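Would you mind keeping the following structure in view while I ask a few things?
We just call them A, B, C and D in the order they show up, numbering each chain from 1.
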Amino acid sequence: MRILVLPILIATARLCMASDLSGGWIAQVSSFGDPQYSRATLRSDGAKLAGSWNEWKLEGDVSGERLEFSLHQPDGKLVGKLTGKIQSAEISGDGMLEQRAREGRREMQPVTWKMTRASKEPTGGPKTWDFEPKEFQHNYSAAIAPVLRIFPGDTVRTWTLDSGGLDSRRERRSAGGNPQTGPFYIEGALPGDTLAVKLNKVRPNRDTARSGSRINTRIVTPAYAIAAKYSERFDSEWKLDLAQGVATLSNPTERMKNYSVPILPMIGCLATAPASHQSFRSVDLGPFGGNMDYNWMGEGATLYLPVYQPGALFFLGDGHAAMGDGELTGAALETSLDVEFTVDLVRGFSTAYPRVENHDYLMSMGIAGSLADALQAATSQLADWMKSDYKLNDSEVALLLGTAIKYDIAEMVDPQYNVVAKVPKSALSGFK
Amino acid sequence: MRILVLPILIATARLCMASDLSGGWIAQVSSFGDPQYSRATLRSDGAKLAGSWNEWKLEGDVSGERLEFSLHQPDGKLVGKLTGKIQSAEISGDGMLEQRAREGRREMQPVTWKMTRASKEPTGGPKTWDFEPKEFQHNYSAAIAPVLRIFPGDTVRTWTLDSGGLDSRRERRSAGGNPQTGPFYIEGALPGDTLAVKLNKVRPNRDTARSGSRINTRIVTPAYAIAAKYSERFDSEWKLDLAQGVATLSNPTERMKNYSVPILPMIGCLATAPASHQSFRSVDLGPFGGNMDYNWMGEGATLYLPVYQPGALFFLGDGHAAMGDGELTGAALETSLDVEFTVDLVRGFSTAYPRVENHDYLMSMGIAGSLADALQAATSQLADWMKSDYKLNDSEVALLLGTAIKYDIAEMVDPQYNVVAKVPKSALSGFK
Amino acid sequence: MRILVLPILIATARLCMASDLSGGWIAQVSSFGDPQYSRATLRSDGAKLAGSWNEWKLEGDVSGERLEFSLHQPDGKLVGKLTGKIQSAEISGDGMLEQRAREGRREMQPVTWKMTRASKEPTGGPKTWDFEPKEFQHNYSAAIAPVLRIFPGDTVRTWTLDSGGLDSRRERRSAGGNPQTGPFYIEGALPGDTLAVKLNKVRPNRDTARSGSRINTRIVTPAYAIAAKYSERFDSEWKLDLAQGVATLSNPTERMKNYSVPILPMIGCLATAPASHQSFRSVDLGPFGGNMDYNWMGEGATLYLPVYQPGALFFLGDGHAAMGDGELTGAALETSLDVEFTVDLVRGFSTAYPRVENHDYLMSMGIAGSLADALQAATSQLADWMKSDYKLNDSEVALLLGTAIKYDIAEMVDPQYNVVAKVPKSALSGFK
Amino acid sequence: MRILVLPILIATARLCMASDLSGGWIAQVSSFGDPQYSRATLRSDGAKLAGSWNEWKLEGDVSGERLEFSLHQPDGKLVGKLTGKIQSAEISGDGMLEQRAREGRREMQPVTWKMTRASKEPTGGPKTWDFEPKEFQHNYSAAIAPVLRIFPGDTVRTWTLDSGGLDSRRERRSAGGNPQTGPFYIEGALPGDTLAVKLNKVRPNRDTARSGSRINTRIVTPAYAIAAKYSERFDSEWKLDLAQGVATLSNPTERMKNYSVPILPMIGCLATAPASHQSFRSVDLGPFGGNMDYNWMGEGATLYLPVYQPGALFFLGDGHAAMGDGELTGAALETSLDVEFTVDLVRGFSTAYPRVENHDYLMSMGIAGSLADALQAATSQLADWMKSDYKLNDSEVALLLGTAIKYDIAEMVDPQYNVVAKVPKSALSGFK
């Protein structure tokens, strides 16, 4: 008897659940290769199911723990037919879904899929977190477990080691090579979104820094590199006078006694986890950001990073008290930092490379294996930005950038080059 | 009788002349290949001859119209033995002189030589010339006859056509392709010197300009270039409001109605004649300057150009009312200019590429066939500048530039790239 | 009672073990950062311990389960003092060991360490394995579990999918993007070694292939790329006549009816796992090899790959029936392959990039983000090879390469460029 | 009386001349800028004038020494209206002619023009000239007077100095830097044509050569360049055993005693005069050829050079007994050569860069300021060649080159890079 009863109860429970399908879901589709993520919304009304799947329309039926539905483009074209089974916390199944095929064509292909409930933003509005890092990461990778889960709008106060692994008391806490604080999981972030990180505070938390004293051989002519005679033990330790905003050498040579550098703190590395199963060293950089070493990445800047993994997985590290363009010596004034940042999410929009915005400029990065390729990428992305955000055609953008573009060379000494193309906001004031 | 007498008189005249050898001379030495120039000073005291030949010591004898002398390095090493014959306005002869030989070694080699009197600076101090150009040049070459001979310290007021060959009344005066005003011959300038050109005035002399409306394909990704849809007849004529210092499109599209560009006049092309028998188009650039298209080459800037030919032969043209970095569209706001400049000479010192100085920066150009090579050249030359002028060693320079260097991308759309490495003068204030 | 006895027995067992310490060990040292591996040999004689640790001399004492020893350089300099505890299958402990510190200096630093027995080569000589792959990898990474453990000298017969994931019957077995067979774990391989892979057999195992029909935009001028009009559905499927060694289009256009390509099978991807926690996509390439796409990587070639991880972890895939230089269209004649290879190990020697050898040439790869950097790397490594293996000085190598070097452009369409510098063996015949 | 008679006679003479207008003419048109050349054919029948002007149709009237005519495109569109006056050996005048204007548009513009009789090929067929050079050129320039005027089909036997200026007896005849024999004026050659130069004989005319012993720093990594220790006085003189076809060092170091190089003579420099008033050093290279340093430019090769000046002005020099790819040391086995070549002309067709053909390959050069740009130019031009000569569309060419292209790196150490893209003739056998 009991044996018969139980399934009924379970079925009832499932029907109840079925009546609860309404709401936001994250759908994950797999065929061969990496899973793809979509945002779905379901509305269940008895046996009828309706809703959306990204920009597609979803229509179907629920019957007990089973459901089936079809997906149509806004123009009515059928792009998917899926069936599934409702389980405790997820729905999963298989079916046919339009996928990218050879040479850009799209075809219906067999897939498996599952849906889980979209995380709900907590009530009470954005939160501020004080995060005390314990471990430090040397890779950008989605294989690393997040240290904190936060929501769009939340603010994090934390700190970073210097590039050599020393903390605010100059104690070694990690191996060198740009150890990272994080990763932070941003609830609701999906591949194809953009993570916005506003840097509220970027301040050295100690009064020393260390820089390099040899120009990277990539940046000078071979003749210069061959002729250069560098001191074996040149002391490149700096004293940071944070009150005055000025750095001077701790033990200067005679000629450098009066040399001082304005302190302009910045973070060298800011990254999301790269796509798929890739894992890059924290000294590397790419479309996901990383060791971008851009000297305008300080207080007041907002960085836009492409999201490649659920939760984005945000890393940061490699603080600089000041840096010339291009990180000539392979090391800026390396120091540990107190950092406060606020995250936000641009859903369903993503760029090929990071973008930055501050009070004065819109900035677009190009990260590539040569200076020329990096510059092409930066210019093209800035042009695309102008086209989409200011509704300009190709000729108008050419005219605009031809008269207003500026370039910064951000990074030349790490595995990739980073060139920044920017346009002053003042030039854009006439457009809106 | 008279027949006998005449030679005597002539001989006497020549002896008189011989007693007049004292003073400054320009020596020109030829073996195989291009002539080399040196500055010599002679002091003749009866039959004794003494003086200098560049940094060498000259000693010898005069006998009638014949002279012979030897040259020694400051350390006493013999580096030349020459004989010559005095003629009306010059002395010429042959002998042995140390020359650069295979793989950097130096060897005594047979040469022919001649000396002419160094031009004397006119009394009365520097002059100001108003020069009205009649013809315009399309090449940088020493084969072109100078239009005006001026002295170091002199000032020239003149004007330039726009890059298309139109003058201040928009009348065609020449073919396009950056027609040049000049060349100006600077008395006393020799190969191995540096010509300093201070730009006192750089002003559009009309109220229109024309720019480009397509981004050069070198500067964008292939994907961008393929996708770009440019209007065939986009009107890129500009109205220059010189009083307000603002340029706007003459016939703007709807979206560009409120777009304005601050006027910041500059000269695209400034050049000396290149070395030897080379002749480059006026759109070209190189160690001699040329089409550098640097948007800080305006009023107040001083340009330092290597001298490769006697008289330097200074050209200028290609005025811009304003320009974004890199001359993205292959054309800035092209217009005709009124220009006033003052020349000066740094004798016996020369750099691999042009340098620039203004109120805020010391700037060093790198001009090469790729962006990477141009950047290396610019950085290396700036580093050498710091080493020599501020007496810094390699490590100190690395530290200085690693913290203070900035880059500008000046030119990317002409046969060579021009990258500018610069250091703010404020960073150098502690050194002197 | 029993309670007292047991420790004694265990101690006895451990002493027995201690008397068994003699033999080969793999030592793994950790401080901050990635572990370092060394080969150690121990000889225990009662309480005395002697042996080697890489090229260092090891001396110490064993006392029960405890041991301590010091390490000295051949010149007698102390470089390590370590203590440890013997456990069942390993010894572990801590101490001080010389490590690379800032700017190339070496310093004694605290470390932890452990030793495990070196794997012993099996008796009976090299083995031949028939390996049937079940899963396919899309990343080069040490995080992937090996599919087979083999010894130096062993031979493996296996097969690879085509780059699109299809097998010998053209059935999809994996997502595209160069799915890899492997990784194979080579017993005894340590970071710092070189893995030699001799390709005994590289043969298409089906009679079809597929290529590309658009030239990658990196390889043509922007003008060409903009003007190119490619057919949307050009059929680039090939018929492989393996008996005749010739490929022709399956459905040729009229003009291509008589076009045929000689079949010259090669493997596009051969890799070891990259260093540390890095993970690269199988379309990527680097010092570890990967998607090198070199058209001489076929039967008879021996590839030398740097080892970055214990066991090397060898991957292979991406078969080509034929390919022009540089993989112009981003796809060669992509097909599935039967492959037989024999592995060997060069212990304690490793190169910056892969090397290749065949009947005619010694070849050195340069893999970098630009063509120029790749060429520099390839030339430099080939020059170093000549210096070390043929005992030539820099001038002699310059003369040799200046007269005998040849270049191949292997790969231009993937994330890095691969340039091959090579010297014919005939040119080297006079040296040995 | 006589005074009146004379004009009549002259007029009569001119009328007679007018009746002789029939035949081939070279028209030279000037507006602003460089003159343009066209081939015209006139047929005069009394007062009627007909003929062609390049591909345009010419129609007009002759009246005494005056003529006027119009030019129409094949489709009937009027493209020119010109008037002129017949003088003794030429006709000159002015009028309106369609010219290239801003941004690729074509417009009727005022021009001046003149015509001179086309040179007639001599009767008796092609000639063979023995030319003994007296002077040697260090620039490629149309300002240099030709040393010999020859006709298409003619053959020249001459010789060249080595790159250092030494002749077959090792006597210095000129300064170094690739002194050139020539220029040769090819009758009938006009800008827009192609000069074909078949190399019948390329042989060292002495038994010594000299090479370099330092690798150019462009070609190795900075680390290699910094570490290299070159012997100051390494003796890189070679003995050429022309009978055996083998070169060995004259005074080898111990290790180089058995090192030998197969002799494969080639000419480093072959050039036409560059466009307009440009003048390049003989070590330079460009679209006009020059110092291309391609090691397949030996006997049996035919070189196709763009013509930029009337008469083409062909230069040659810089013989090599043998050379590795890229002229690594900045000098191959430099020697003097006996050369025999035959010239031909492809009228009205011209390429962006030189092309080469030999028994095995069609080869296309790309000459540019970076390796990447040179490779793009070479590939694109080879692709265009295949499209036009084998009537292939873009997809077919992609397929062909993707399977058959090979690259050679010809020149890396001079002001520009030269990359050669080539396709084996065997791959093209199916097309015709």
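Quick note on the criterion: contacts are C-beta pairs under 8 Å (C-beta built on N, C-alpha and C of every residue); 3 or more make two chains touch, one makes a residue touch a chain.
Just so it is clear, the model here is predicted, and its values are computed rather than measured.
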Seminar exercise, completed: Of A-C and B-C, the pair with more C-beta contacts is A-C
For this session: Report, in whole Å, the distance between the mean C-alpha point of subunit C and the mean C-alpha point of subunit D.
Result: 48
Seminar exercise, completed: Chain centres from averaged Cα atoms put subunit A and subunit C apart, in whole Å, by 32
For this session: Indicate the whole-number Å distance between the mean C-alpha point of subunit B and the mean C-alpha point of subunit C.
Result: 54
Exercise. Which residues belonging to subunit A are in contact with no fewer than two other chains?
Worked result: 218, 223, 370, 372
Exercise. Hey, how would you classify the chain contact layout here, line, ring, star, complete or other?
Worked result: complete
Problem set entry | Complex contacts: residues of subunit B adjacent to subunit D | 31-34, 102, 138-139, 141, 143, 164-165, 172, 174-177, 276-281, 368-370, 372-373, 415-417
Seminar exercise, completed: Interface with subunit B, subunit C side, in the complex: residues 217-218, 222-223, 225-226, 370, 372
For this session: Give every residue of subunit D touching subunit C within the complex, in rising order.
Result: 211-215, 218-221, 223-224, 228-231, 234, 236, 249, 253, 255-261, 322-329, 331-333, 370-372, 375-377, 379-380, 383-384, 390-409, 412, 427, 430-431
